[in-house]
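Heads up, the thing below is written out as structure tokens.
Note that the chains take the letters A, B and C in the order they are written out, and that residue 1 is the start of every chain.
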């Protein structure tokens, strides 16, 4: 498909090597060279399968080139060849840390195509599960950040919380990870009778554990502060320019949250704050994530207090066949703005599904801010972006 | 170094956007529908329209670029957000087997990887892109663009006879 | 023929060297087990509990696994340096145990320059580390080795400086003399008059033993094991043994110099020849604190590590050295 001319052009583009040194005088004096290093795809700190081609001058990174695609499963092509409801399990596997939001975005897009009316109880349950999903994703994110800095314990505390939420999810959806719970027109099933009570109990417990396990242990640590303060410093202009969303954007102080500014579903009825910070470094992103967990707890309490009664599934007929057109569903996933663009040609299968995952976009930041940092600073910067392999590769 | 985000009433803002686009580029087909400013533009003036959006109207965020393969042509959707409720959806159509369109990385630097993805999946070349390599697929020994409709997959099923 | 012959040279020396080697090799296994159990209890887990009663045979299973594993080496590695490195790391760590006094009469070699011996021999460990990193021919190993070399050399300085106070107070370079000078209850131990030095020695000891937060040469999450990334099987096992031996060694030397060695905390608790129990208890306690720190804090960065060493620890040592000297001059009756 590529003509010969264009291919050579591409090769010259990809073959760039900077040869820059952080301190060129030293190189001239001693005849030093930079060290090329390929970090990943099999590397414990690469959040799955990311490969970074690094050029190092001592410990200082002078070039960072992310290579992706090691977990590319062609979600978009698969989605084109499946019927509308059958795409939902595919979306589950995009961001496997926060899969409820992935389903939600796709379902919203299809519902926009169908102009469907969703029963209020279904909307409330969706928001409830989505907020649990956010906690389930943010708390391990904090743990992973610490894991990459060399502290092993917080990740296990984080996974204890995740496991407990997974048990709740298992009771509701029947699965521990790939839920396939949010369906076009509502949700798969109503909450079991005792579950709202158990959720309430869990949330109360989490509120109490948050302080000792995730604040005192982490923020009270000098080394954590030394490793994260001022690392990956972002200005607001830079963050907006790079198209960041989610905690990396909010930690610079730009107040943008899809739930607040492009409200969807039950979020119109909820009272919550958009957590922002002013610093724009790794420590700030940690604080933003922690604040969002607290906000999620607040929202879950509100939803559980006023859970509307009624059906959980709208009657959309057996066969979902939207009219020609396009629908965009946009939700705030744990990592930022997640949008699904579904184009329909009037048949049973979508003509085109495009997933805008926040991780892909946020990861552009690596090329921009890693050069100039030390090699070990890549890990907290990865923690700032907190990408998930499945989501950036689709 | 704070970013100024647009303020005020959403509907008034959307009207302002529409006026801005019409005054500068004379887009007759444009309309405001369900909080979205929909524009259909020619590929030649696309960078100019997006530059207007960013620099004059303050629509700062490029959400995504969707490419749809319409077999003979490619439909590109540029989704812009002003981060305060307003959306601008710019559509353009490029023709041809090996389509070329101007890159907008100079206007929205975040478009860098969106355009690389579009190039990887559809073979659309972006003129003026600083680093147009494949994003997901193999860099060499792979000559296909998998999201094209002409790229057949072996397990393709049709659901014509299903009831 | 009685057992007395064992008490004569060279039999006594050979026998005790054998005992020490046995002890050091087993120490690695015991510490691995302890490490895993301690980490498990810190992290609300059970830890190994399948092999043997309460998982106590796990180290044996680990060692068996290591012995049966193939020793892989990278294709372009400098094979002799690659294979010699674990030995060069293990021997110094084991050798220093010869001068550690376990109990009143239980020391293999009561050198009159034991402290100098300790300093000299532990420094050789850095050599093994550089060999491992250089011989592996991997950029990760090389980075680890460079970090290790820089770290070990910088932390030698505060380590040695912090010893000087003890040497001044005890007036001897022999470890046995140092312990005997601390007799008569825990208020005579040197960690009280030398508290800043004790803290500095402990921190530099952590760095010398390459434990978190100073495990930069390994840097598990960034350079995936650093200098030992290419090792497998028993060569890797030997490096691990060296790590644990040096961790035990640093604890033992800290106990000897600052915590009164075999001396009991109160005189009425004197156990005579069984005073090695006190020594063991104190060493185990220190090892436990090492593990506690390891599972609680993140890792420092290279420049922060250097800053800490040169800008904090060395000045503290120098200041306290003058304070000690001044006090010894002004109050000769107390010191």
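Going forward, a contact is a pair of C-beta atoms (placed from the backbone, for glycine too) under 8 Å apart; a residue touches a chain by one contact, two chains touch by 3 or more.
No experiment lies behind these values; they were computed from the predicted model shown.
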Dominant interface by contact count, named by its two chains: A-B
Chain at the geometric heart of the assembly (C-alpha centres): A
Subunit A-subunit C separation of Cα centroids, rounded to whole Å: 43
Subunit A and subunit B, separation of their C-alpha mean positions in angstrom: 22
Distance from subunit C to subunit B - Cα centre to Cα centre, in angstrom: 62
Partner subunit C, residues of subunit A touching it in the complex: 35-37, 43-45, 56, 59, 146-153, 156-157, 160, 217, 221, 223-224, 226-227, 374-379
Subunit B residues within the subunit A interface of the complex: 1-3, 5, 60-64, 66-69, 77, 79, 81, 83-85, 87, 98, 108-114, 117, 121, 123, 125, 131-139, 143-147, 151, 153, 155-157, 159, 162-163
Contact footprint of subunit A on subunit C as seen in their complex: 39, 42-45, 139-140, 142-143, 147, 212-213, 215-216, 219-224, 295-304
Sites on subunit A touched by subunit B in the complex: 1-3, 6, 10, 13-14, 16, 68-69, 72, 74, 76-77, 80-81, 83, 235-237, 240-243, 245, 253-256, 261-262, 319, 326, 328, 330, 337, 339, 341, 343, 347-349, 351-352, 354, 356, 360-361, 363-364, 393-394
